[in-house]
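Structure below; questions to follow.
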Amino acid sequence: MKKVVTFGEVMLRLSTPGFARFVQSTSLNVNFGGGEANVSAALAYLGVPASHVTQFPDNDWGYAAAAAYRRYGVDTRDILFQGDRIGTYFLETGAMMRASRIIYDRTNSAFAQLDPAAFNWEEILADARWFHFTGISPAISEGAYLACKQAVATANRLGITVSADVNSRKNLWKWGREAADVMTELTEGCDIIVCGKGDAEELFGIVPVNNEPGFVSVCKQIQKRFPRVKKVINTKRGSVSATNNTLSGRIWNGERLFQTPVHEMFPMVDRIGGGDAFMAGFIYGQVNGFTDQKSIDFATAAGALKHSVEGDFNLVTVAEIETVMSGDGSGRLSR
Amino acid sequence: MKKVVTFGEVMLRLSTPGFARFVQSTSLNVNFGGGEANVSAALAYLGVPASHVTQFPDNDWGYAAAAAYRRYGVDTRDILFQGDRIGTYFLETGAMMRASRIIYDRTNSAFAQLDPAAFNWEEILADARWFHFTGISPAISEGAYLACKQAVATANRLGITVSADVNSRKNLWKWGREAADVMTELTEGCDIIVCGKGDAEELFGIVPVNNEPGFVSVCKQIQKRFPRVKKVINTKRGSVSATNNTLSGRIWNGERLFQTPVHEMFPMVDRIGGGDAFMAGFIYGQVNGFTDQKSIDFATAAGALKHSVEGDFNLVTVAEIETVMSGDGSGRLSR
Amino acid sequence: MKKVVTFGEVMLRLSTPGFARFVQSTSLNVNFGGGEANVSAALAYLGVPASHVTQFPDNDWGYAAAAAYRRYGVDTRDILFQGDRIGTYFLETGAMMRASRIIYDRTNSAFAQLDPAAFNWEEILADARWFHFTGISPAISEGAYLACKQAVATANRLGITVSADVNSRKNLWKWGREAADVMTELTEGCDIIVCGKGDAEELFGIVPVNNEPGFVSVCKQIQKRFPRVKKVINTKRGSVSATNNTLSGRIWNGERLFQTPVHEMFPMVDRIGGGDAFMAGFIYGQVNGFTDQKSIDFATAAGALKHSVEGDFNLVTVAEIETVMSGDGSGRLSR
Amino acid sequence: MKKVVTFGEVMLRLSTPGFARFVQSTSLNVNFGGGEANVSAALAYLGVPASHVTQFPDNDWGYAAAAAYRRYGVDTRDILFQGDRIGTYFLETGAMMRASRIIYDRTNSAFAQLDPAAFNWEEILADARWFHFTGISPAISEGAYLACKQAVATANRLGITVSADVNSRKNLWKWGREAADVMTELTEGCDIIVCGKGDAEELFGIVPVNNEPGFVSVCKQIQKRFPRVKKVINTKRGSVSATNNTLSGRIWNGERLFQTPVHEMFPMVDRIGGGDAFMAGFIYGQVNGFTDQKSIDFATAAGALKHSVEGDFNLVTVAEIETVMSGDGSGRLSR
Amino acid sequence: MKKVVTFGEVMLRLSTPGFARFVQSTSLNVNFGGGEANVSAALAYLGVPASHVTQFPDNDWGYAAAAAYRRYGVDTRDILFQGDRIGTYFLETGAMMRASRIIYDRTNSAFAQLDPAAFNWEEILADARWFHFTGISPAISEGAYLACKQAVATANRLGITVSADVNSRKNLWKWGREAADVMTELTEGCDIIVCGKGDAEELFGIVPVNNEPGFVSVCKQIQKRFPRVKKVINTKRGSVSATNNTLSGRIWNGERLFQTPVHEMFPMVDRIGGGDAFMAGFIYGQVNGFTDQKSIDFATAAGALKHSVEGDFNLVTVAEIETVMSGDGSGRLSR
Amino acid sequence: MKKVVTFGEVMLRLSTPGFARFVQSTSLNVNFGGGEANVSAALAYLGVPASHVTQFPDNDWGYAAAAAYRRYGVDTRDILFQGDRIGTYFLETGAMMRASRIIYDRTNSAFAQLDPAAFNWEEILADARWFHFTGISPAISEGAYLACKQAVATANRLGITVSADVNSRKNLWKWGREAADVMTELTEGCDIIVCGKGDAEELFGIVPVNNEPGFVSVCKQIQKRFPRVKKVINTKRGSVSATNNTLSGRIWNGERLFQTPVHEMFPMVDRIGGGDAFMAGFIYGQVNGFTDQKSIDFATAAGALKHSVEGDFNLVTVAEIETVMSGDGSGRLSR
């Protein structure tokens, strides 16, 4: 099977053990994560060939990060090693009404310093069937934006499916251009996007039209604006408490809206990575020829299951996802 | 007080810490467990003299296993030390809709290799009042089956109460004879059995008769088939999620059905050993002259409480069980 | 801002990790805690100058205890170092219907051995605006009682607000005088007390009068008996299970009863210290000029949040408390 | 084989992990230990029946302590459960020139509170061949002294060998009588003692006579003073650094001095319990008919090996001791 | 660069933490290791393409084992997943004169059950320059022997260098043929072997001739017997204590003997894998065109450094090996 | 006693547990450290009032860092909270010939971003007797240099002793001026400096004159160049292996050279902070009126002892230092 290629920053994730607060912590658990790379990790674990492209510093944290992805089957051959440091994010897990918190420390990361000319997208995508990125990458630096842009253009030229989680995070954009401006440009090359109502308003200025369900209305306008976009998908998260969430998914495929049941997730083992696992699940469905309904069901079950696994990666099997997708959330002991 | 004797395999239990998946684990917690030995451990902890009979390899894991039971008061004097290895089971604790999983690795264990002639049941049971085994032991090997058979025969001859958790696990039976065949033979020597509808159908071909509650119907047929069996007990487990279960118990004493309230168990600390704790609780009740209703209430409260304790053993006190049995599940801080 | 001064015993807290039972434990987590000192720790963390007064043994556990409070900003300059040992309490965290348990080992502690003459309250309280103690301190020893008495008298003379959590624990009183007798004497010097119906009956013989809501009735009688007491506050805890509690608060300010919503707390990370965090929250509100309604809301939200933090100290921020106080208990991820 | 009986206090041992200092520690490792009980643990692990007699509080720490000894085969049937608390000792492991440190917290322990009448020595010693105690027990309280005295007298009457590690620790004696006075009285009932030159001077006022090797001179005088004492044994410890010690042993059997080679111990895993392991090794040799030379060689090798094992117990095998005794300290990998 | 291919069993390695004994352990550290696979891991970490061939069970332990090697860059594409279980070895780390110990539990492993026809060596070795195996693999089962034989024959035919660590372990051979018989057959296909005097005598009946240094004499006879063997290499380990060893290396290249300095290794962090790291180091040298002296120096420095790294893999860099090779063992802090 | 004030960056120190390599690590231990702040921590622990001045980010890592120092008694009142991030250093502990390694990640730290105008040195030093900084601070940024310069000038004006560890680290200097240039300027304000031959050559171009012992020759030239400098001190470290070092100290007081014995340090628990502990020890000696010989002996013993303590801080007592200073490095157990 041809591979899926993802592009984006990977950070060293340092999380306090259990429910310890940052100020109490005497040790931090080491993981690695990045919104796009997590998609590759989940896909590789499900058996879909996946390759992640990024830039790491030429030091032990760079090697350790690559090793962490390679361990679960991600192809790391196109990762570059240069630049100053690995971006870091610190994670404190909440409990009850106390929220989980993230402190980002990603300035001047090797990824932010990347030279777009260093990536030969023709070669990287030669054996690919799908290219995925998120709105975070072009926000990091001009170089990262240009690399994204070239990757999308190359993928379009090669007839490779392009997906993006548009992921509006206004406070990340500091290198000169505006999120709305850049993301509009990049979305033009996308076939499938993850986009919620908030994203659509912030990035594209699209708001629901009266007398139509909000998400459908937004999707229709997106597709009018971006003719290449065939499908818009999204998740909806409910938050009962820091460790008690719900998740459901939906897809507008240009003609119809499909929705999934609501999954209850309590106690969540790890609050991070649900969206990435959802994306990977959706790609899994699409490359395996699932219907849109089945794809979104699979994706959402995958996204929910992710929160039962520590770390950024969705280390679950197809069988486990299918059990949940079938409506069985009982978690009955398997001997 | 005369002692309770149990017979069966004990395995090295290696479980991933917290909610870690097998593929993520960098360490495994060490415990020991076996369906019958766990009954002895729970009884000894409650103050009832209990002795476990088994065969361990003559190596450090054998000594460590014996030590683990002796620690909580189980008499280990009749344990033999020979054979190749200790059986092992790996446990991964689930969360949310992700199920807990067990990987068994028990082939060629010292227990499977036991020579039935090595156990002198006349001596072992000389000071006993109760003998307990499960349907797992005779499944392991012909030797284990023969040892079981001889123990039951000896106990019958000495007037010792015999109980069995018939525990149908078809995939375990590989040494030549069928589960149904052997378990029918052994059940003939039992006074009390743990048996659910599924077990009854698989092992004895007994299905409920129309127009009668299922469990009662099955029990009546069991007692017709096995005149020695005076009481049939059973638990019913509901699974809301991997860490959120419910438990209730029931007993048919030949005349009446007694049932217990449903205990809610969330978050379970350990998914294993509820049935063994239930059995120990029931024996505790019977040897202390409890009524059948009180026995099954005590047993079920004990079984529920077990899931709050890590490891295979039910390290709870009589007072704690009685509190739960009284309907107080509030877990109020005790200073 | 002038400081808050607290007085009372601090113990070495040794708790089993996770949900381990005492008999299983191979290690114990080290924390320090005391009902009054915890108030200082919480206040200091919220930015209110706070100083704790106590006596520690002149050994490493005494220094470590002082260091634990100083770490979070408590002024430790008035702590004395002499006497034999640090009092200890062992904590086992329950789960489901299995209760959390505390084993106290505080006999002959350095605090119990304190010489009341060693504390110069004029100096200690010179720069203070508030003095807080609990009914536990005078229970410990005659010396501790006398120190309390002198502190209260000095505070009254200096016009410093005095608060007490009257905290009836009959089994603690062994040095000669009765709880009711002594606490009546000390309450005469208090401006604000924490007192529930049970405390009121046990310590003051006060029971609700017919035809009036119980708490209000009790408060009115308290204020009649103790004219100095202006406000009576209290929390109400519901216990669904060992890790699933609810908390609400109320205040009678001499004229009106104010109550708070009920906070759901599941899963609690730490069962200890909710009352102390509540007290600190109330003092925070009062010294910052909050209304009584807002003070009790803030206090109760603080008390609830405490149970999400391991250890005795309420390491939460004003912003976190205000979020909960505003009715947002969703614990939504904060990036 | 008839059993060895030991009598003395067992304490909860709480040690900082690794080389952490007390003031840094966030957790403490849990073990149990006592000079006499450790002898029983080592003997039971070597296969010699051994029973320890003591008094524990009737709480979880008492049960846990008994369980810790029972785990390794010590007979705990004659342990009493009453009294207030378990004595505790805190251990900080040194490194390099920084010494290991112990903080004792044993006042008012259940053992100190024991009622000598509660022990029926006729029954306890009925099946015994050896009774062992140390000079620490009679130091603890008058009750402990009386229990010791009665045990020695009973053992003498029954013809049971009595050994004592006289172990002078002047600062422990606070209940009224002097160490020298009491230990002189108890030593009169001993057949074998562990006694160094320092002990002999402090307890018996015995100093070496000119022109004779010191230890021999002291032993001769001891035997003149205490005709029952047949053998005096002792170890000599050299301290290169906190984790680098040497150990040798010697015995005066009334006629000759036998000495052992010097064992180098680096890095010691645990600084505690070498003397107790030595004593157990010596008893093992004597009850197995070893010569005095072989007994002291075995004892000293056992004592040295102890320092490679964490905790108070000498969990080593006869084969391991014999390898070291044979002069092989290479620690070559055993597959 | 063409790759190095290794073939052999990989086991789950479960080691007690720190210096804990098996009977004390409450957790076990998880690693994976196998004599041949460790060579691939070390080579991949040094940047030499390496692929390991083996058979794992089709369960999570098989996936985890493959992931462990893939993490550090080993190509795992030719690993098969079928069979019952993963072989296990338990490791207890010694200290001082107490030896480290291994308990093997490898019977019926997936590797032992392999079908030699399942490996297509033409394909596997198509892109290889070197094939390495050890004497352990053919000892495991007839299937493993046949696979080895076919691999060697294919490598010979393709002109690929073949190396073997002959590694005599008599007690492993249980499937029918003798070690001497089989290893003689396989050594005929080898270009380079690791072989000490003991191995030579046990496997080939070769003993040193008088008047010649032992190792040289043995090597000369080996080369006479096995004309294909061009180089014989070996390490010499001295054991001062369980954690204090020395290591030196030597090579007979058919003409001359080259030896290395003696490396002192104290404290060893991990006793396992020195020989595998040595082998990997030697292959590294050979494929990089080092002289024999430099190759053996590099290999021995690599072997020594291995003992500073926990686990079976030699996670050290070329620069670190070169520093040691240059005679600098100071371990000076690198900022 | 008037306080000692230190100024410099504090970093989050993340170290791998035990001897784990960065690429293997699954958790990192959390400590905080900085060359100047460590001096304050050691002094405060020894009972000398000490205050550290720095700038931390206004986030949880800034608060945690301040808390870490306050815990051991350092006055943190003059610390500013603003700027982007806390500098980080990653530490991997070596073993045997494998060196310990540090990866610095301090670019754009809050300290580097400090505004020198934000520190009011008149106030900060009002109650001080000593000001200490190192050559690292002025290397970080122009702001840090200016703050240093103003602090030194203020201290000179107020008659406060100024000490500096000149600490040449050329690769740190990136903000515009040269190390030699700036350090020459700052050294003019110093009364006491730590300076070795390498530092003297790199920073001041001073090399030993023939026919004179190197250090003395250098010191004489330093004092000629910098008339204010009264004393030059230094340590000499020998490196046997990564965990086996030696340390000695020396002082030139303008008239004479005093040297200390060589301390052997094996096994070092922590490789970091010896120089800072030495500096603190020297200040302790000077402010307590020790002679120069005694000061340097105390300082060097303190520096050596530091390596027995995990973390950056020298948590040892005066008594412990004095024992080592007296020549007793035996580390004998202290009960």
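To keep things simple, chains are lettered A, B, C, D, E and F as they appear, and every chain counts its residues starting from 1.
Methods note: a residue touches a chain if its C-beta (ideal position, glycine included) is under 8 Å from a C-beta of that chain, and two chains touch if they have at least 3 such contacts.
In UniProt terms, the chains line up like this: A, B, C, D, E, F = 2-dehydro-3-deoxygluconokinase.
Bear in mind the structure is a predicted one, so any value in this text is a computation, not a measurement.
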| item | value |
| --- | --- |
| Intersection of the contact lists for chain D and chain F | C, E |
| Inter-chain centre distance, chain A versus chain C - centres from mean C-alpha coordinates, in Å | 46 |
| Overlap residues in chain E, where contacts from two or more other chains coincide | 21, 23, 26, 67, 72, 267 |
| Chain contact topology (line, ring, star, complete or other) | other |
| In contact (per the touch rule at the top): chain pairs | A-B, A-C, A-E, A-F, B-C, B-D, B-E, C-D, C-F, D-E, D-F, E-F |
| Of all residues in chain D, those that touch chain B in their complex | 67-68, 70-73 |
| Footprint of chain C on chain D - complex, ascending | 14, 17, 21-23, 25-30, 59-61, 63-64, 67, 84-85, 88, 90, 92, 103, 105, 107-108 |
| Chain A residues within the chain B interface of the complex | 72, 263-269, 304-305, 307-311, 315-316, 320, 323-324, 328-335 |
| Contact set on chain B toward chain A in their complex | 18-21, 23-24, 94-102, 104, 169, 239-244, 267, 271 |
